[in-house]
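There are two complexes below, and they share chain A, which is joined by chain B in the first and by chain C in the second.
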Partner chain A sequence: MAGNSAGETPGAPAQKPKAPLPKSRALVNEQTAGVYARAWEAHERGEPVGWSTAIFPQELCETFDVPVLYPENNAAAISARHMGEPFIQHAEGEMKYPINICSYARLNMGMADKMRKAESIQTQGIDPAMAPPAFLCLANNSCTQLMKWYENLSRNLNIPVFFVDCLFNYSEEEPAAHKIAYVRGQIENCIRQMEEFFGKKFDWDRFLEVQRISQTNRVLFNEIVALNARKPAPMNGFDLFNYMAPLVICRGKESTTVILTELKKETEAHIAAGTSTFRGEEKHRVHWEGIACWPNLGHNLKTLGGYGVNAVMNGYVTAWDVAYEPGDLDGMARAYQVSSTNSLTTPGIMKKRIASIDRFGCDGMLCHVNRSCKLMTFHIMVGREMIEEEAKVPVANFDGDQSDTRVFSEAQFETRLQGLVEIMSGNRNKNGNKEARHA
Partner chain B sequence: MLTMGLDIGSTACKSIILRDGEQILARSVVPLGTGTVGPRKAFGEALDLAGVARSEIDRILLTGYGRFSFDDADGQMSEVSCHARGIYFLLPSVRTVVDIGGQDVKALRLSEKGALENFVMNDKCAAGTGRFLGVMAGVMNVKTEDLGALSEGATEEVSISNTCTVFAESEVISRLSAGVRLADLTAGIHASVAKRVASLVFRGGVVRDVALSGGVALNRGVVRALARELKIDVLVHPDCQMAGAIGAALFARQQL
Partner chain C sequence: MPDAMPELEEMLFELGEVASHPRRMLRQYLAAGKKVVGCMPVYTPEELAHAGGMTPMGLWGGQVTPSLAGKYNPVFTCSIMRSCLEYGMSGVYDGLGCVMMPMLCDTFRGMSAGWRAGVKAIPLVPFIHPQNRTDPGAPAFLTEEYRVVRALLEKHMHCEITDEALEKSIEVYNAHSAAMRSFASAANEHLDVITPAIRHHVFKSALFMPKEEHAARVLAIVRELRKRPTHVWKGKKVILTGITAEPEALLNVLAENGVAVTGDDLAQESRQYRTPIPEGGSPMERLPMERLARQWFDRRGCSMAHETRAARGRMLTDMAKETGADGIVVCLMRFCDVEEYDYPMIAAEAEKAGLHCLCLDIDQSTRDNGQSRTKIQSFVEMGM
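For the complex of A and B:
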């Protein structure tokens, strides 16, 4: 899982003359650059820098005021800039990892190994380049592969891991009390271990403040996403892939509040002016399932645009909606176990998707059959029938990968999309236009 | 009113000329796919057979894998919709269309009025496709189009357990060196394709009647094996290979 903080979408359709970046996007780029720069500065001063999984309780390191980078987010950004292949090749070749494991893991482990061998990532033109880690933060709430990935990083780099073991919710809608107690206990334990490792006391007042900021940010993000239920949508849904980066890498920071407040203002201005960041007429609205094909984002965007299709919403961006009351550690422990739909059952996930398709007035669903993120993908094989039956919209799948360029086929993507568009057009002629609930 | 549909596939090009969306005036099949002279040849042959000039055709629509690579047309549509429409024209009782193309397999669901309701396609893998049959025919040194007749003489089925084209190729080679009969091996290859295709069709749901379209439908061995796997009769129209082109010509008529 991750969000792309790469700033401008590489390979996106050329626009002439190039429109200036909206202020919110410039702020995202500035924020991302600042996070990486701060980590390098700390590293150069000999202070610890962390690498963390994307949905680890970030509130801890934020409270300790220790810089943290996010390999999944970094892998997404590097893939979007078509710079990931040498690392993936290194992981598969020299390190002998199989092609079947997550490509974020391959890319990052390849990069870490090159760093370990003193091959400076900074000087190779890799952007954004991660400062080497002194510790790792791991929560396995989006998949268990993360555990092996981080275990291997920890062994290869000889650094400690702060681990929060989350339990999946396969047999219940809500995590049982013992699961919440289990995760809470681990969070408390991590705090104790971190106090020792960083040589500082944990400031519980600051922690409460960070929790408050984190909640403000996730609520703001939800409000912005909800605006896209308007018809036509004020945003190209693919923008969400870029704007989720602040939530992934700076969820507990005030700079994210500034960015999201600005984005909300811009989006509301689009609504007031009847404009949108989606170029051209929005003929169809689809719900996107799965992580973006980062290396092919530009192609996907252009092809969707060519058919007047706006992927107004996707289930992926809601994974950082970690909702709890500030001060309620049990609530926080619960939230970290349910925010990623990867930890739910197929019917549980599909129930959310069906509600979202209805809420965002989608005419169809486009599913990324992602060779890397199997946990997120396998649900759709059975789930598509649930979507078709209950949401009554057609579903089309296409093959791809979030980072590995060998899997995606442009021709296949276009054929599947075109087939979906033709069915959606046929349905529209039959049923009239489906209205978004919040239009 | 004359319309043409040109289906530019990965291994063959098919063109058809329809009068008023009802009567087939000319058909042409060229066993060369996109990126070759195939599209131009199929295009020219149909015009010659119908005895008309390009300027007399009111609208030309392209479909198939190579649909973006031919200039002399008025538009294009996906092969998904075109196959559905074409089969409905040929066999109106059909609700499930299975199309085995050179590099993909589709299972299409049609409404009672012939509109495309849904589709599922194979993932990025050649198992179960026309390409799989082509590779196996090459290993056995027979022509792909002769595989159907060859399997008629089978007394048993040599099972091929690998679905991956590359692995299955080595499996077929080792069976050949073990001295199995070509007919029995061919029947096994057909069964392997049918199993793979059936699992896709089941994913989309089987609603009667079921028809096979595309060039592979001309292979009786595959049709029999698929019917056995699906436990249902599989209809095949003599023009099954033309379904995509017919669909394109019908959409062209509708757009006029």
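For the complex of A and C:
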């Protein structure tokens, strides 16, 4: 199929005036703004603010009631607003970080250095602007680059790191007892170190409550995601990227329960009314693999929509499904070792993807070969055969990056998508449409 | 080899041959009925394989343009892992009984999947080092992890690895590390003989020989060097840091420009030998598996071992001062993110110490060193 030289996608819906945000989205925005505001207020009072990796046991700081911000989440937001480049340039230029390291890290370390020198970046029009950290929380369950990134932050800012080394499950079986014991021991040790650093006793009753809230929230999110197995889907799958923030930055808060309850209600209302946040006809359903191309999210969304493709499900948003029984510290230690699929073997991940391709009635898989995420890309390259052979759906890759705008090519994305659509259409003509199990 | 060749040069030549022909060494071991275990870089507990009567061989890839590995390797995979997978998939590593692989970085995590998919005939023995090295539970974790490695080696190689044999192997490895440190020191008094490439041969050959044999050769070389009068090197001197300083042609460019190597922090070379396996204090710590595990916690200044107050920059500037080096050459393996994160710290420490710092882009497969040649020439011309 020839490329569309005009840059328009066939069948793209006409521009409509922007609809008001659904209540759940407004609540997300309010919650995020509140988290940043609270961190700045604490900073201005001279109280410690933490920066944390995205899948650190948030239950600890939540129990201590200490504000925490999340650089990965912040980098995604800044990148989606096209504000990341000056920080990336600063990291590569003045700071001498090579171009090959993770772009979230380059963005954040560049920002941290500018903050250190200018005291505050609030005046530079950056939104959302992170309050400077007094400590760091590091869990390497997404990748090992996080460890190097936080080493550098710690050294450059001269602040301590609370570290939970979550290992890597290089074999397919469940984490062995010695792995669970090591991670549990680290969590307990972190609590002791934090008690000393914050000058507060750890409230184990409150911890149990935070664990319960965290479990309620993750279950709610899973239920919402599961609703998208409905055919046609009640949500544009990309909406899930927008609702990750509450799970990442406020997984242990009741405000997240409120947001997710509202979102579930809205999604069920769409199902009842036969409507969807996906605009146009849902001709194809695909499974998205990998982090979003945040700077190109709008383009991706529009192009997918133009071809009637709804990325109904993606594996990335399930990384915060940290499932354990409240009160079971061994279970919590295990959960932080396995919730991020980056912590698992490729066959382990692909089993999950194959199951979800089936469950969500996907006709194909679209994989983001993310220049910043080596590990996810390895999984895609090795796992592709498994998906094609076992799920029997076509797989297409495209090159991109989560923050660095120099990698993604609009033309390549569309060409790869066109190829995928052609194969999916051909398969549909041969086999008939797949039915979603949960329709 | 000519009969008249002096003993020192002969021994250096021999180690150069070993360093340049690992495949030939593998064939020799297999022909002699040895059981050979592949050891991926770096900090693989090859003492376990040695204690089981096996021959451990380092797998450090080579100068090859991959044609098969691209199926499972992203284009942004470091050249060592790319060439290792290529060799695995193309049969060069056939005959290895199994391969030990540490999960030290994201590429290794990915490679564990790539290896299993692409090299089905050679079983993988993966393991992971604990990175929270100050956590009280970390030593017990690593000891247990090594027990799992030991059990897998016993299973795949049909052998037994006893504590007694391991104790003996630990002594062999500690003696070898000490021999390598002696060589590094003696080499600096004879930079006319020990060129950058010869120095590299001595270190690299250790990866492909039984350590007791290699230590004997190296100590003989040290004795021969010490018999000779000290040479006063008039040219420039540098410290090398990084994963490897390969391909070898790069080292020849240094020599051609009158630059000698007086110390290194290369993962392929001295980084492996500067930390002895500790004796241990308590009776429990003196058990061989405990001792083997505790070595990891004594390692300093390595990009693959987590430390927030990174010692590496200062370690390099101290090494430069001690050996009279004029500068630090960062051999930055392309797409090696753990090293890339350390580079700004090294450059800053070098600048603070008033040392010149040169960064070379390392790709094992490259056959054109033009860019590095130009950088080295400018580095020397600018007075370093």
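We adopt the following convention: the second predicted complex is superposed on the first by the 422 of 439 C-alpha atoms of A that agree within 3 Å, B and C clash if a C-alpha of one lies under 4 Å from a C-alpha of the other, contacts with A are read in each partner's own complex, and residues count from 1 in each chain.
The rule is simple: a contact is a pair of C-beta atoms (placed from the backbone, for glycine too) under 8 Å apart; a residue touches a chain by one contact, two chains touch by 3 or more.
These numbers were taken from a predicted model, which means no experiment stands behind them.
Student: Once chain A of both complexes is superposed, is A:Lys96 in touch with chain B (first), chain C (second), both, or neither?
Tutor: A:Lys96: touches chain C, not chain B.
Student: Between chain B (first) and chain C (second), which, if any, makes contact with A:Ile423: first, second, both or neither?
Tutor: first
Student: Mind working out whether A:Glu174 is in touch with chain B, chain C, both or neither, as first, second, both or neither?
Tutor: In the superposition, A:Glu174 contacts neither chain B nor chain C.
Student: Quick one: is A:Lys374 in contact with chain B, with chain C, with both, or with neither? Answer first, second, both or neither.
Tutor: second
Student: Hey, is it chain B or chain C that touches more of chain A?
Tutor: C
Student: One more residue to check, A:Thr415. First (chain B), second (chain C), both or neither?
Tutor: It touches chain B, and chain C stays clear.
Student: Should A:Phe163 be classified as contacting the first partner (chain B), the second (chain C), both, or neither?
Tutor: It touches chain C, and chain B stays clear.
Student: Which parts of chain A are touched by chain B and by chain C alike?
Tutor: Common interface on chain A, chain B vs chain C: 369, 381.
Student: If you look only at chain A, which of its residues touch chain B in the complex?
Tutor: So the residues of chain A in touch with chain B come to 369, 381, 388, 394-397, 399, 407, 409, 411-412, 415-416, 418-419, 422-423, 426, 430.
Student: Applying the document's contact rule, which stretches of chain A touch chain C when the two form their complex?
Tutor: The contact residues of chain A facing chain C are 95-98, 100-102, 105, 140, 143-145, 147-149, 151-152, 154-155, 160-161, 163-165, 167-168, 170-171, 176, 178-179, 181-182, 185-186, 189, 342, 345-347, 369, 371, 374-375, 377-379, 381-383, 385.
Student: Name, in rising order, each residue of chain B that touches chain A in their complex.
Tutor: Going through chain B, the ones touching chain A are 65, 77-81, 104, 115-121, 123-124, 203.
Student: Considering the complex alone, what residue numbers of chain C touch chain A?
Tutor: 71-74, 76-77, 103-107, 109-114, 117, 126-128, 130-132, 135-138, 140-141, 144-145, 148, 303, 306-310, 332, 334-335, 337-338, 340-345, 347
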